[in-house]
Structure formats: structure tokens, C-alpha cells
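Going in written order, the chains are labelled A, B, C, D, E and F, and every chain counts its residues from 1.
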Amino acid sequence: MRNAIVLLAAAMMIPAAANAQLYKLTPEQLTELTKQNPFERFPDGRPKVPDSLIERARGMSMEEAFAILPGKGFRNQYEDGFQVLYPKKKMVGRAFTVQFMPARPDLDAVVNAKGRITNQTAIDMVQPGDVLVVDLFGKVTDATIVGDNLFYYLAKTAKASGLVVDGAIRDLEGISEIDMPAYYRKAHPSFLTNVTITGINVPVRIGNATVMPGDLVLGDSEGLYFIPPQLVQQTVDNADTVHVHDEWTRKMFDTGKYKSSEIYGSPKDPALKKEYDEYLKKRLAEIRGKK
Amino acid sequence: MRNAIVLLAAAMMIPAAANAQLYKLTPEQLTELTKQNPFERFPDGRPKVPDSLIERARGMSMEEAFAILPGKGFRNQYEDGFQVLYPKKKMVGRAFTVQFMPARPDLDAVVNAKGRITNQTAIDMVQPGDVLVVDLFGKVTDATIVGDNLFYYLAKTAKASGLVVDGAIRDLEGISEIDMPAYYRKAHPSFLTNVTITGINVPVRIGNATVMPGDLVLGDSEGLYFIPPQLVQQTVDNADTVHVHDEWTRKMFDTGKYKSSEIYGSPKDPALKKEYDEYLKKRLAEIRGKK
Amino acid sequence: MRNAIVLLAAAMMIPAAANAQLYKLTPEQLTELTKQNPFERFPDGRPKVPDSLIERARGMSMEEAFAILPGKGFRNQYEDGFQVLYPKKKMVGRAFTVQFMPARPDLDAVVNAKGRITNQTAIDMVQPGDVLVVDLFGKVTDATIVGDNLFYYLAKTAKASGLVVDGAIRDLEGISEIDMPAYYRKAHPSFLTNVTITGINVPVRIGNATVMPGDLVLGDSEGLYFIPPQLVQQTVDNADTVHVHDEWTRKMFDTGKYKSSEIYGSPKDPALKKEYDEYLKKRLAEIRGKK
Amino acid sequence: MRNAIVLLAAAMMIPAAANAQLYKLTPEQLTELTKQNPFERFPDGRPKVPDSLIERARGMSMEEAFAILPGKGFRNQYEDGFQVLYPKKKMVGRAFTVQFMPARPDLDAVVNAKGRITNQTAIDMVQPGDVLVVDLFGKVTDATIVGDNLFYYLAKTAKASGLVVDGAIRDLEGISEIDMPAYYRKAHPSFLTNVTITGINVPVRIGNATVMPGDLVLGDSEGLYFIPPQLVQQTVDNADTVHVHDEWTRKMFDTGKYKSSEIYGSPKDPALKKEYDEYLKKRLAEIRGKK
Amino acid sequence: MRNAIVLLAAAMMIPAAANAQLYKLTPEQLTELTKQNPFERFPDGRPKVPDSLIERARGMSMEEAFAILPGKGFRNQYEDGFQVLYPKKKMVGRAFTVQFMPARPDLDAVVNAKGRITNQTAIDMVQPGDVLVVDLFGKVTDATIVGDNLFYYLAKTAKASGLVVDGAIRDLEGISEIDMPAYYRKAHPSFLTNVTITGINVPVRIGNATVMPGDLVLGDSEGLYFIPPQLVQQTVDNADTVHVHDEWTRKMFDTGKYKSSEIYGSPKDPALKKEYDEYLKKRLAEIRGKK
Amino acid sequence: MRNAIVLLAAAMMIPAAANAQLYKLTPEQLTELTKQNPFERFPDGRPKVPDSLIERARGMSMEEAFAILPGKGFRNQYEDGFQVLYPKKKMVGRAFTVQFMPARPDLDAVVNAKGRITNQTAIDMVQPGDVLVVDLFGKVTDATIVGDNLFYYLAKTAKASGLVVDGAIRDLEGISEIDMPAYYRKAHPSFLTNVTITGINVPVRIGNATVMPGDLVLGDSEGLYFIPPQLVQQTVDNADTVHVHDEWTRKMFDTGKYKSSEIYGSPKDPALKKEYDEYLKKRLAEIRGKK
């Protein structure tokens, strides 16, 4: 019953650890913290939403996540107000989280006692398909998580799926030529300085949202949704229904025969309702047959 | 002289009314309120700026509206600070107005006594060529007037010319694929809730502007102008003059022979001034001949 | 069944009316709109919360209003962010509402057709015990509802209980010498201009709150609550219970024998709980006996 | 050498723990984290700046902390922009820190698995002389750490020295009658909800400052300084010098014989400089003799 | 006719100048620039509004300045949004202006070529009765024009009448014990650094106002008015009329016999109007006889 | 040694001057003020960074300016927060500066005594390759420096390289069709009014930056850098090194063999470091050979 006892282990527990950030979770702790995850995990315990679901999530919108999450009590998973590098490009991937705090020399000395932990320490741990999610507490000057070289590394070498930073980036011009989605508060020419990394792959706060390692990160021109692994399947399935609903609704609108309120949200006429139900059933079968 | 007495009738006066919003104007009241309108009207009394003027207004800019309106005492007809869905696409149409207030159950009970009045109640009343102008008092969360389905209905079925909302929209991704201009404060995934419709086709406030039903709404990447029907002809005519003025000014600039101050706003050299006056006369004749 | 038919009459319906604002309610309409009011009314139909309840409400805080209203579905009755003239002085009174919109000459001409309606038109209608509640839509420059002379009139001649303006006041120095509570967004030396009164004693919006004529207005250093008449008794009664609860809780804290969680919100020890219940019963009897 | 290995232990490591917040430090971990502390510690490892130094710090200003800290590399220990309950009352005490994050049900379930952790869990741990420092990430609605009852408990029963919350308080009216300093972003009537406690006595972020458990918290009408224990003595000593310097400078100004630049920052005339040096020496001896 | 030719001379024109800021006006230039000044001047050319008018201005409000200035075309002489050190204390004095810009080493080198120009350079030039008006372009961190020692010097040694800074002060606690009005954007513990003085007694911008050396500065809890010398007499005289008007208006209100609109702005009844005119005449004679 | 004495001459010194703004520098004064300029000058003394360097600067980013300037003490040369007309188009040119202040009639009378100075006065002085840099102190309404006609003149007739205005432009729609970069705070339909030009080609403040006439202005989608002439060569040379560094770094990243921290900022392996050093040397030779 070791797991029941030592749930969440801490930073620097393992003597040989190269990294020693303030907050660090062992695979067992991270597994415990995300125990509702129905999928496989990375060796470090992080949930690994399967590629097939990531692919299906690419067709989802913010609203389709909103349709499920608040109803399940997850009211703090959406955040917006970012600069969006590619507003026309959907971002989908698994959250790899990093937490910073304003630096102070005494904390710095403890955290970096066994080798300096930098943004590159975290970047070098990013896995293909990850979205790097960085809590820089809204700071922009001196809070540039990457410039174009590290952004290039993330996109091309690490094969990351995107970047979210509640802070800044630099080299916007260079970054604008690299094909990976990014969400940031501001671009600024300054360096990353006067901050300390206090956690890698721990729960972080991005504005009003709490993000856990392994959350599915979904981004479009509107904002960002951080979807817990245990709700991904349901959210994606429901999105299929929404898509068919919209498809049928617009078909009806196209006839020009109805007021919007006769058809939407749900057809008022029972005959139409029946027609819709059958359409939905058929189309869902087609869609899911394909997948 | 009934009109002089019963000017503005009120909500719910007609027992069979399906809608019973707090403020409602009879056709006589709306006619009285907009009595300077020189054009035809819709059956509900709303001024109907003719299609031919709407077409000419498509060539106008905010500055050309500004050139006329404040001088006539209309200093509160411009508003900006919106997200603009299609910055390169001019929006022109007749204002169809809707007013919301924060919900309270006692007001709600009275307003909805004879059937719930929703955003779709108003949307189903929109006429071809209308711009739906919605006063949601700047609220964004829970203040999404439409998602992509109702936006589709407005654009395709109702054949509206655009949307202005001092509030939010949802489904930005879906809306971005539908070809109708929209001006909104923010996109947000939440539903429209916790508000009450208090008026349809009554005067509304959009930021610092007062909008009346039937105003000509003009929008470009800069902002929005709400032009009273009685000033549309003069504004459009003056814009023709401005266009010729600019045409001639740039021709002169192209010669490279003049300082800007010798030519603009008005040529300093009397000979040039004469040349300009003749050019203006000729060009206006051509332009208006065409129309 | 006249009432069922002519619910809300409109502005300028009565030929002899001296005032002709855009929105105006007859006594019947205002009575219908506030039909849950359990108290007497003013001749114009406005609910008149009795003086005895106003007196008891003077002991209430924002939190004691919050304890009842959202639970009854009234989630939009609180607003803050004001400059508070006397932070140590509780404000309690009946809402007398005024609505302004940005001026436009065509609207102005209709509204003022039978004599100019100004801020003084409304001020001269204020009754003793009223709080003048003014919707100036957050505008401050050129939006000064009163200076020190009219503030003096309200306080001394009209015997008003206070002023709330989602806009500005002028003559702050002079006003600071007059003993009546006021809540305003800013003080500014400019005049009230470039706006039109569009309603007196109609529902108005003050920030995020909807205020109805006759609401009980409660103000302290924190903010403002607008309490519908039908909920005043329950709110005031519940406040008595809260006061006794706090009295007893602090007595227990004063013993130094308990952790806060053993006593508050409710005593954990059944014996203490019983002791508390008896104390509450006894004290409520005393308090209400007095009243 | 276990300590050298297991530096910072984590939440829920000890099976019998009543509290199980996400981040929790054992006494050994907190000692390691604050190992530059030259003073005694509380049983939980938190540094305990002696009462005598707290008393001397009462004479200090923000500027006297600024005079030492940035020069030692501590550039992120100041924060302002708070509502200050008692602007004329200096606040001095030892930081007791609490960290919140936006709630999510899966995190909540783990954190509260062994009994719900609430604001009262932390409040009941506060020691005499502590300042409760709460990271509510700037949230105000639904983020009211205490009302007047718990504020009373902190002030009277726990004998705390003050409250700092990067969030809200409620019951401002009641709190205004209790004699303990408080710094908060806003007062709001709502309850504390939709958040989770993720750490007690761990490093927290208050705006741009990083606060460690046991920091000396200094507050006046200007803002707040969080001084690491290891710099308290030097800061307080230096403040004595500043006070004498100011005393002498004003004496010289009082003579009316000098331009400000002849005396301040340092006297230009060598004879005056010598006079000052002697004065400083004598006065410091007097001051320190007294202490 | 040298004056007509060499109107405004510049910085560093006079070889022996101790100060060499970027912009500097000779007495002749400053005289030319303020040539509408009807009063005496300081040796440096700065207008010297007489003490007797300063004394009378002490009874004026922002509104009484507003009553005259915009009508004379002076629409940019008011500014607010300051922290006000003593909201109950009127500030009146002659503007002594200082302009800063963000520092750059090449500009610094030229400006300070003949000796470093600092805030103390300007402070040492302040005359009794002056209000030091400092353009620090709204910057607050590192933009603290004075701490308590220099504030003490200004108040006690220089006998200044007040301080206005579009920037910050430090040592707010110490300053709060010194009896001189101050208007500042923020208090902050940092030093004044990273800026350069670019002008002393030149026109400066304070927010939206343009201030000229020698303007009469008037401040109360509302904001600040900068009154050109040539309009001081008229403004002060008009304020007397306003005071009598208010006195009489309130007397009438006290009778309880009138609606506000019957008396204010001007009595409607011709008999009352006559009574008022006589009262005004008599009281003005009394007031001015006294002065 | 005349130059050492009469450094900065002033406005209106030359009797025949057509322009008489408050602040004006003679060629000698401007030369003195920018004496570190290593390049030729315009007849009015303004530094003229050579076209060849302007061409090379076109390849630079904000970060490459940041790499040099703060280290040389130039910490106030960057500003952002603008609307950017062409985010994909680099702007490079020589600063031609204009300063405005809020208008006041007495200042206006002096400044315009010899002929009205307007925005066109300055625009007519702009030289090919200049960027017009306008200090309108952040004002937007009534602060539109140009509309599309004058923008056309700047781009086509004056052959300017761009526009920066800490204020507004008008005719955004028309301007969007003219191919010249522009940085502005807002577009607004109002005219330029209620302001006075107080200097042409004097040091100006654009937000937090101090700009001198002749600075190299560099703009991209991120923001603006104002580079003093004396640092242009070094900045451009260093940018070459950065470009090669990035080129090589990405080559290494492309191999997929390295963690980012092994290569960037500098290769950790001495053999790689050597390889890099040789690559850099070779590439710089190639690049500079070409130029």
C-alpha cells in the first residue's frame, strides 16, 4: 500500500536528480494526482491521451468543450486574452507544464543547488505532441519563455504541438516563420530573467484556469480549453453530435421555409424532430464508422 | 390629431401580442420618433433607407460620415473598439435594434408573461438588408448574442447585412467561415444567459452612440457610424465630392511639383483652384450620371 | 380585464403631460411591473417600502443582502466601484430612477417637444426618503448630474436619503460639506451636457445591476444593493439572525478555548449547538420585542 | 546525510496527516528552504524573527527596506496596489502563507481526500504575531478569504498581526471596527468559492513578490515589503542610520542657511560632513543604548 | 527691435550657465512667451500673480475656474486622477515647472556637460509661494521626484505652496507628517533614476494640461486647474458672484417654498429675479469692500 | 570655440523664419546635441545614417537592437503597443521628429505669430528615407496626424519610409491601400485639433522612448526601436553574427541529435564550439564580402 501512503513526493528526493525545482512529482504522485485518467501514461506518470483522440479533437471548437466541462463541475478550464500566432490553425496537444515565480536569491540558491534549472531544462523534456504550457504569471518584460531558436527546437526537434505562455515570447518576426501554434500575452525583445522555475509538470495556473500535466490543450482564435483526460472521449463524441446537429440545422435554414426558432436549438414540429433524430443516428454511424 | 397626443405607445398594449418586451413602439410611435425620415417605412414604422443609397454608401468611409454629422449636431453617432470579423469588408445596412438588461426574476416574469422573448424572437424579425444592432451593455461572459448557427441564419436565411453587438458572440471559428460582417467586443464560449430583452426596435445605446431603428449603419476596419435617415442623402453626396477632391489632390501630388500645403486641403494658387473647381464639376457630373 | 390588456403604457400618452420623456410608465403600468410589491405605493405607482423597515435596514450590510437575494434568483442587484462620499455613513432609501442616453437632435426634439426635460425636472419630483438613482451609462466628463446647489436642494429641501449616479458630480468641495450620502464614479468640473433624459421612474441599469423604481437602496463603504420590495422583510429578518449569530460566535472566540472551525459557521459540538440555538431564540425575541 | 538528499518533501507524505494540500513542506524541508534564517524556528520549521526585531521594525518605512533589499539581489519583495484598511497604522509580523488555485473537481478530490481543507484550516494554524498572507491570484468575486467573524478570530483569538490577501475580503463594514491591519484588493459580498487550497506555509506569489513562510511582513499606506529573515537585522540597523541622517538634515534645513543640495544626500562642506559624522555616531550610540 | 527678432532663446546660450538643460528660456524669452501677464515678474521673467489674488483664489473651486477658462478658449488647463495628500486642504500657488524625459546617454552627456542637473537643481530654485509642477510623463517606478527630506525642504525652507508631479513620490509615511499639499500619481519606494531633466521653467504637459511657468495652480480634492495669469483676476471676481448666487439660492431652498427649477440656475419669477439682483449687488459690495 | 559656448539655439532666432515653433534647434545646436553621430548630416544638422546601413538594417529584428543598446546604457529606445499597418513589412528609416502639446491660446499666439505652423508644415519638410515620428502624447480623439491624402503625400511625393505617431491617424480604409509602414495608437475619424506644434526635429518622447532627430527607426510586428546613429554600425554588424549563429544552431537542431541545451546559447562540446567558431568566421566573411 505504498501508494496510499506516499502520494505526492517532492522536489529533490532523488539524490542524483539533475533537476531540483521547488515542486516536483514522482511518477507515483503524478499518477495519484491524475488518477481519473483512463489512458496510458508517459514514464513520468503523465497521462497520454491517445493520438486518435487528439486527431478527432482537431475538429472541435471552444464551444464544444464548454458544452461538457462546466456541467461536470470543471468551470475553470478556459482562458483567453492571448495573442494568437496563427488564428486560422487549430492547436491540439498534451499539456507539459512549467511554473515560474519571481526570483529571490535564497530560493534560487536552493532550487539551483545541483545545477541551474532553466527554461531549456524544461524544453529539453518536451515530448512529441506536447503543448508547452508556461505559467509566467502574466509578466511580459523579462519574461520571454522562448525566442525563435528555441521555438524552432520545440517545433522541429521536439515535435511539440504548440506553446501557451502566460507571459511573453521574443523574436516574433522569426517565430512568425515557424509553423507551430503559439498563444502568448505579448512579444517583447527582452531576455527571460529575474524569475525562477519552481515546478515542471505540476498543476499550474494560466489566468483563471488550472492546468494539470497531461490535460488535452485545445486552442483556436477564440481562446484555450484545458480538458482533463477523463473527459476527452465524451467531449469528442458529443462534438460529433453537435456537428451533425449544425449540419442538419443549416440544411433546414437553407430551405428558407423556417424561422430560426422553429428549428434551432431543437425542431418544434414533432415530425421534423423525428426526421432530425433519424438523420443524427445515420450520420453518427457514418462518422464513427470512418474513425 | 391623434398622433400629436398618443405619440409613443408602450409594450404589451395589444392583447394578442406574442411579444411583450418592456419597451415596444407601435408603428405610429416609431413613425413619430423618426419623423424626420424622408424615405418609405417598413410596416412596423421603421425608416427604410432605399437600396440605391445603401449601394452608394458602400463607397463611404467613417471620415465622410464625420464630415457631415457632428456639424449637424449629431456628435454621438460613432463608436469603435470592436473586434471586426472582416476588416477588409465594408458593412452597410439598416439598423434593427435590440436592448437587453441584466435579468431580475420580477422583471422577467412580466416581460415573458405571454411567452418567452429570446434572442431568436428578435432574430426572426430581421429583414433583408438589416444590420442587427444589439445593446448588451458591454457584457461579454454569458452575453453571446449568436453562435454560428444563428449567425448562419442571419446571413443566409434572413439575408441580413451584418451584426453589431456591444457584447459577445460564440463559435468564432464557425462564424469565421460565414460571409457576413460582424462587430463584437469579444468571442466567448459561454451561452447567452442572465439577461432579459427589454426592447426590440427602440432607441439603444452602443457604447457612446445612440442608435435608432432604421439608422444607416456603416462599418469598416476603423469603427461604426450610425447615420440618421434624414442625413444619408447629404452624406453620400458629400462623399462624392470628397472622392473627387482626393482624386485630384493625388494627381497633383503625383506630379512631384508641390508641397502638400500648396495643394491640400485646398489649392493655394488661384489658377490651380480654378482648375480644381472645374475638375470637380466635371467629375461629379460623370459620377452622378452613372448613378 | 383592462390590466391584462394595457399593461405598460408609454411616454407622452397623456396630452397634458408636462414631461414627455421617451419612456414613461403610468401608475397602472408601474404597478403591474412591480406587482410583487407587498407594501403601499406612491400616487405614481411606485412601491413605498415602509419607514419602519427602512429604519431596520440601516443595521444591514451588503453581505446580509447577499445572503438572501442570489438565492432567490436576484443575481444582478449589487454594484460597486463608486467614489463614496461618506464611507462611514450607511445609505438607505427608496429608488427614484432616471435614465439618460447620449443626445441626438432628432430624439431630443421629440422628447423635449412639450418643454425641456432636464435633470431638475427629475430632481423636483424626488420624495422624502428617496435615493436618486441615475443611469448616466458610466460617462463622467459632461455628465455631472448635480453640483453643490442641487445636492443641497436634494438633501435639505427634498429630504432625499442619498444619490447614486453611474456618472459624475461637480462641486465636490461644496458637496463635501452637505450631510447626505452619495455614490458617484468621478467628480469633474464640467457641466451636464450632450445627453438626453429618456426615462423617469423606469427600470434602469447601474453597472451590472437592474434597478426598479421603489427598490430599497442600501449603500455602505463596500458598494450598493438594490433590494426588490418583496424581499425586504425577509432580508431584514434574516439580518437579525446573522447579528445574533455573530454576537454569539465572537463571545465563544473571546473565551480563547476554540479553534475557529469548532465554532464557525456552526458549532461542531452538539452541546454547543444547542446552547447556540437557545441563545438565538432568546435574543431574537428580545430584538423583535423591541421593534 | 539524509537531509542532503531528501530536501523538500511533499504533500500528503505522512499517512496520518489531517491536511493534505497539494504542496506541503515537512519541518526539515522548510528549514532547508529557509536555511539562511539566523533565528529560532517554529516547530513546523518556519523562521521566527524575534519579537525585539519586530518591535524595532515598527519604525521602518518601505524606503528603508528598499535601501537594503534590491542591493542584495532581492528585487521582488515589494508589492502595492492594495486597499489599506488602516493607512495610518503600521503592520509588522511574520508571514504565514496560504496558496489557492482555481478549483477543478479532480484536483479537489485528491486534496480533500482526507478531510476538507478550507480557509479555516489555515486560519486555525496562525500563531500570535503572524501576518496571514494569502495568494488568491488577484481574484475578487467569490474570493473573500475572511468576513468579519474570521477577521475577529484572527485579531482577537489568534492574535495575528495582520492580513494580506491578493484577493478579497467581505463584511468590510464589520471588519472596519476591528483593530488589525489588512491589505486586500477589494471588498465584495460574495462567499469564498470555486477555489482550492494548494499549499499552506509554502512559497507564494503576491503580485510581483515571492513570499516565503517566516518573512518579515512590513506594511504602511504605500505598500508591502516581505523581508527575508536573514536581512532583517541589517535592514533595521540601517534604518536607524537613516533616521539620524534625516534628523540632522532637517535641523540643517531649519537653519534656512543652505540650499538642499548643500546638505542632502550628504553635506558638501567637509566641515559639515565631519559634524554630521560625529552627530551620527553619538545618536546611534544613544538609540542602540536604549534598545 | 532685438526682442521682436530673438524671441525665445535656448539652453546653454550663456557660457557661464551653471545649468544647461536642453530647453531653457532667458528672462526675455519667458517674458515674450507669457506676454499677456498683467502682473510683475520674477527676475527670471516668470509672471508673479500677486499675493492678494492668491489669497482670494483660496476660496475658489475647480468649477469656478471652469466657469471662465473654456469660454476663453483655454480647454486644456484641468487635470485629475492624482493621489491627493490632503483632500481637505486647498492648494494655491505659482507654477514652477520642471520637465523630464527618459534618459539616454548621449542626451545626458550634453545636458550635464557643465555639472549634473538633478531634481535638487530645480528644487533649490523654488521661491516662496511656488507650486513645483513636475512633468515625469506619468512614470511611477524610478520616478520619485522627492522623498520626505526634500519635501520637508520645499515646505519649510523654500516655503513652497505645494507639489504636483505627473509621476511619483517616495517616503509617503514621512511626507504625510509634513503640512504641504501634494498631488502625485503614486507613492513608490524606488529612487529617481533613468530620467533626464530637459527643462526648468518651460511649458510642460501634465496629463492633458499645458502648464506655463507662473500659471496660478489651484488644487482641491477633485483635481487641478492651471490658470494663466491674465485670467486670474476675472476668475476670482466671477467666483465672488458665484458665491453670492449660491448663498441666495440656498436661502431660497431653505424656505421650502420652491421647486429647484423655480430658483436655480436663475429665478423664474421676475420679482424674485429682481430681489436676487439686488442681493447680489449688495453682497458683492460688502465682499469687495472687505478685500 | 563658439560651438562650446552657444550650444543649443532656440526657436524664432532667425527673423525671417517662416516657422516659429516653441522649440527649434539651429544646425549648430542639432549638431552639438548629436555630436556622437559618425555620419554625414542634412543641411539642418540632422544625422544622416547612410543608405547602405539602412539597407543592412532591414534584416534586423527588435532583439538584435536589444542585444546592443541596453548594454550601452540606452535603456529607453524601445516602445510598443501600437497598431501596426503592415505587420509583415519591416520599417527602416531616419527619424524626423515633431512634438505637439495640448493647445492654449496664449502659447498658440506666440508660436503662430509669424504664420500658422501645422502638421503640413512639418510634413513638407520630410526627406526621402525619413520616418515621421510624432509625439501627440498618446492622445487619439482630435489627434489624427494624417488622413489618406497626407499619407499618400508622405509615401509617394516625400518618399518617406514610414510613420510613427503616439496618437492617431484617420482614413484608415484609404491608408490601408497605400504601401508605407505606419505605427499608430488608434484610427479615429476626427480632425487634428486642440493641439499646438511645439517643436520640429527636437528630441521627442514616444511612450517610454526618447527619440532624437536622425535616429535610425526600426519597426516590425513587435514594436519599434530608435537606434542612435553612433550605434547603428555595431548593431548591424552584431546582427550578422546573430544570423549566422541562428543558422548554425538550427542546422544542429535539424540533426535531431542534440538537446537544445547542448547547442544553444553556445555549444557545450568544445569540438562543436570550434566547429561553430569556424563556421561563423567563414559565413561572416561571405556575408560581408557581399556587402
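The rule is simple: a contact is a pair of C-beta atoms (placed from the backbone, for glycine too) under 8 Å apart; a residue touches a chain by one contact, two chains touch by 3 or more.
Predicted, not measured: the structure shown is a model, and the values here were computed from it.
Participant: Any chance you could name the chains that touch subunit A and subunit E both?
Facilitator: Per touch definition, common to subunit A and subunit E: D, F.
Participant: Return the chains common to the contact lists of subunit C and subunit E.
Facilitator: Where subunit C and subunit E share a partner, that partner set is D.
Participant: If you tally the C-beta contacts, which comes out ahead, C-D or A-D?
Facilitator: Here the pair linked by more C-beta pairs in contact is A-D.
Participant: Superimpose the Cα trace of subunit B on the Cα trace of subunit E, which carries the same sequence, then give the rotation angle to the nearest 5°.
Facilitator: My answer is 180 degrees for the C-alpha fit.
Participant: With centres defined as the mean C-alpha position, give me the subunit B-subunit F separation in Å.
Facilitator: Result: the chain centres lie 39 Å from each other.
Participant: Just how far, in Å, is the C-alpha centre of subunit F from the one of subunit D?
Facilitator: That pair's centroid distance is 45 Å.
Participant: Measuring from the mean C-alpha position of subunit B to the mean C-alpha position of subunit D, what distance in angstrom results?
Facilitator: About 55 Å separates the centre of subunit B from that of subunit D.
Participant: What positions in subunit C touch 2 or more of the other chains?
Facilitator: none
Participant: Please give all chain pairs that are in touch with each other.
Facilitator: Touch list across chains, by label: A-B, A-D, A-F, B-C, B-F, C-D, C-E, D-E, E-F.
Participant: Under the touch definition given earlier, write down the residues of subunit D that touch subunit C in their complex.
Facilitator: Contacts found on subunit D: 118, 120-121, 123-124, 147-150, 152-153, 156-158, 170-174, 176, 186-190.
Participant: Which of the residues in subunit A come into contact with subunit D in the complex?
Facilitator: These residues of subunit A touch subunit D: 4-13, 15, 20, 22-23, 25, 29, 32-36, 72-77, 101-107, 110, 137, 139, 194, 196, 198, 203, 205, 208-210, 212, 228, 230.
Participant: List the residues on subunit B that touch subunit F in their complex, please.
Facilitator: Interface residues on the subunit B side: 61-63, 65-66, 78, 80, 88, 90, 220-223, 225, 246, 249-250, 253-254, 256, 258-261, 264.
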